[in-house]
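The chains carry the letters A, B and C, assigned in the order they are written, with residues numbered from 1 in each.
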Amino acid sequence: MVFGKTVPDISLNAVANLGYAEGRWLAPIFTGDTLQAVSEVIGLKENTNGKTGIVYLRTRGVNQHGDSVLEFVRWAMLRKRQISSPAPQAVLPELDGAIDPADLSVPEGLDFSNYAFDLAGEPYRLSAYERGEVIDHVDAITIEEAEHMMATRLWQNTAKVHFDVTSRADGKRLIYGGHVISLARALSFNGLANAQMIVALNSGAHANPCFAGDTISAWSEVLDIAQTRVPGIGAMRLRLVAQKNQAGPGPLRGEDQRYLPHILLDLDYWALIPS
Amino acid sequence: MVFGKTVPDISLNAVANLGYAEGRWLAPIFTGDTLQAVSEVIGLKENTNGKTGIVYLRTRGVNQHGDSVLEFVRWAMLRKRQISSPAPQAVLPELDGAIDPADLSVPEGLDFSNYAFDLAGEPYRLSAYERGEVIDHVDAITIEEAEHMMATRLWQNTAKVHFDVTSRADGKRLIYGGHVISLARALSFNGLANAQMIVALNSGAHANPCFAGDTISAWSEVLDIAQTRVPGIGAMRLRLVAQKNQAGPGPLRGEDQRYLPHILLDLDYWALIPS
Amino acid sequence: MVFGKTVPDISLNAVANLGYAEGRWLAPIFTGDTLQAVSEVIGLKENTNGKTGIVYLRTRGVNQHGDSVLEFVRWAMLRKRQISSPAPQAVLPELDGAIDPADLSVPEGLDFSNYAFDLAGEPYRLSAYERGEVIDHVDAITIEEAEHMMATRLWQNTAKVHFDVTSRADGKRLIYGGHVISLARALSFNGLANAQMIVALNSGAHANPCFAGDTISAWSEVLDIAQTRVPGIGAMRLRLVAQKNQAGPGPLRGEDQRYLPHILLDLDYWALIPS
C-alpha cells in the first residue's frame, strides 16, 4: 500500500521503474491503521539523451501514531518537464548493497519458541538451509487481466498502463510489478514455508514486462544466513526470481549482462525464520 | 446495494432501465448495518405498441433502526403480463428537475474546517470551480468480464444479462450500469478530488450499453455551485459523463437529439466540497 | 475452507477426486475462528492397472476450541509412490447411503418461529414441497478464468490444475469443483430461497470437468422430506445438479450408466427449512 501510494507523486508518468534498495519494515501494521507515504528526492541525474533522467527517492510509510512502519529507496526514469532546461547537477545517493543483519528490525514480542512446524507445512528451520542453495518453488500461475487489475487497485496503484489498453502502442496492459512480487512471494511458500516475515529489501529490479497470459513461476537462492539479536529468530537473505513461461532455475543474465527476456523480477530480501 | 436489491422486484426481467431522479442520500451507513429496500409504484403508462409500458417507482433504503438512508425515483420499460389486457390509466409522476441545494442532507457532524488539501491530492475548493467549466478526467479503464461480474454481485444485482452469455442474442454480457457509474465516479477523482460526498442524484440515464473490452473514460461539467446551510461546506452540481473508446469531452447527443453511440452515462448529481 | 485445506495433504497430485459421503456440519463458525483440518485414511484399494489406487479419508474440521465443526468422507484416485510395490490389502469403508434425519445437527438456538417469508423472497415452507418434485432454478452463469481462480484461492485450494495453464495437455485451467458447488447452491436460491442451511452431505460427485466459458445452470430434485427434533424446523433432502451449456432438468446418465457429458455435479444433501 505504501508503495502504491507513491504512484501519483512519482511514477504515474514514469518511463520506467528501475530499482529498489535499503528497504526495511520497521513496525507491524494492523487492520484499521491509517498509513501515509512521504517521499524525499535524494538524488537525480540527467540521461545522456537530454530528455529523461533518473530520480532517486527515499519513501517512508508512517502510521496514525507517527511511527515509521516502512522505509525504502527507489529510482525511476522520468521525462524532463522542459527538454530545453539545463541539466541539473548530478547527485547520486550512496546506497548500501544489503542491510546488515544486525540492523534488521524484529517486531517486538515475536517469539518462535513454540513454533508449530507441523501446522506450518514444512519442517525446515534456518539450519536446514545452506548459502548458495537454490530452491525451485515448482508451482506456477497463469495471470488473467481482471485479477491483476483488481490486485493493483487494492494496492491503490493508479498508473494508467495497468488499466487502459490504449496507453501502450501494443494495446496490452502492463502487469504491475507489485503483483509479480506478490505472486512470487506466494509461490515461494513451497520450499520456504517457514520464512515467515520479510523484514528488509536489499535490492529489487523489475527485469522485464509481464502481461496477461504469462505463466509465472519462481525460484530462490539462499544468499546469506544469520542470527538476529533475538534468541530463536534467524534471518535468511534470499534472492527471489520470478520468470515467465519457463520452468525451473537458470541463469538470470545473458552474455551482454542484461537480464534474459523471461526474467521478470530479481529481488534480494531478508526474512525471519525459526533458527 | 439498495439499488441492486431492487432488481428482483423490478428490473430482473425489464426491457430497459430508463432513468433516475430525485435521489437523496439521507443518512450515512456503517459496516454491520442491515439495509432494506422498499419500492412504491408512483406512475405507469402503456407504450403505443401495446406490449410494453413504463413503470415509475420510488425506492427507499431503510437501515435497521428504521431510518431512511436513501431515496430515489427510477423508471423502467417492462413487458405487460398479458398483452390483451386493457391499457391502465396513464399516471405520470411530477418529478423535480434538480434537488434544491437548500434540501441537500449534510451528514450530522460533517466538518471541513480542518480539511487537509495536501493529503487529498488536489488544492481545489469550491471557489476554484466555475459554472459551465468542463473537466477532462484523463484516465481510462478497459473493462474485463470477470471483474464486472464480481462488482455486480457485490451490489447484489442478479439480473441474468450481466452473468449469462446465452441471455442476449449477441452472446455478450451487458455490463451493469451501476458498475459504469462507479468507474466514472472513481475516474472523476482526477480533477474533483475534493468533491468528497455525493448527496443527491438529480437525474441519470444509461445512454448506451457497455461490454467487456470497452475502454471507459469520463468528463464532468460544473452545472451549478451553491452553499449549504453548514458553514464551510459547499455543494457542486455536476454532470458526469462516461463514454467508451473515445477520449476527452464532446457533444452528448447527435442532430436527432439521441445520445451518440459512445456515450454510456449522463448523470446529474450534487456533491459536497470544502467551500 | 476445511475442504480446501485438505488439498496439500491429499489431492494436490490426485488423478481425480471421485466422491463425498457422510458429511455433517456440526457447529456454526464465526468470523475470527481458526480452523484446522485433520484427515484419517479409512480405506484403500489398488486399481487393476497396478499404477493407481483409491484412497478413502475421513476429514474433520476443528475450531480453536477443539470443537468439531464439520466431518466428511472423500475418496480420490492417487498414483502409487512406487509402481513395483506390492498391492496393499484392500480396505473398503462401510459408508451410509444418506444421513438419517434424526442425526442431523440443528445449530443451538436456531429458531424459525418468526421467519420473515416476505423478506426471504419466496413464501414456500417445507409443506410446499413434495418428494420427487423437480425444480428448475432457471438462471445461469458463464464462468471466466479470473473469477474462478480468485474463488479457489479464497478456499485455500492450491492445486496447480486450477491456476497453471501448462499443467494440462489441453492448456486449459480446470475449474475447482468447489466453485461449481458454490455456484450451483447460489443458483438454487431461485426456488429454494428458504432452504436456509446445509447440514449434511449424503453424497457428491464431480461428474465432468468444467472450464472457463462454460455456462452453468442448476436444477434440484426433492429426495426426501422430514422433521428434525426441533419444532418448526424441517429438513429437505435434495439432489442438486449442475450442468454446462444446457438449460433445464433432464437425465443424469446415459444408457451406459455413465454421467452424460454436460453433467458437472450430482450432490445429495440435507437442508433446514421452516416447516
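The working rule: a residue touches a chain if its C-beta (ideal position, glycine included) is under 8 Å from a C-beta of that chain, and two chains touch if they have at least 3 such contacts.
For clarity, every value in this text was computed on a predicted model and none was experimentally measured.
Q: Can we say the copies chain A and chain B touch using the same residue numbers, with more than half in common, or are the two sides different?
A: On the two sides of the chain B and chain A interface, the residue numbers are mostly different, under half being shared.
Q: Quote the value, from 0 to 180 degrees and to the nearest 5, of the angle by which the CA atoms of chain B must be rotated to coincide with those of chain C.
A: 120
Q: Mind checking the centre-to-centre distance between chain A and chain B? Centres are C-alpha means, answer in whole Å.
A: Their C-alpha centroids are separated by 39 Å.
Q: Tell me, which residues of chain A touch at least two other chains?
A: 144-147, 150
Q: With touch defined as at the start, can you tell me which chain B residues reach chain C in the complex?
A: Residues 8, 36, 144-147, 149-150, 158, 160, 163-167, 173.
Q: So in the complex, the part of chain C that touches chain B is made up of which residues?
A: It is residues 119, 121, 139-142, 144-147, 150, 215, 247 of chain C that touch chain B.
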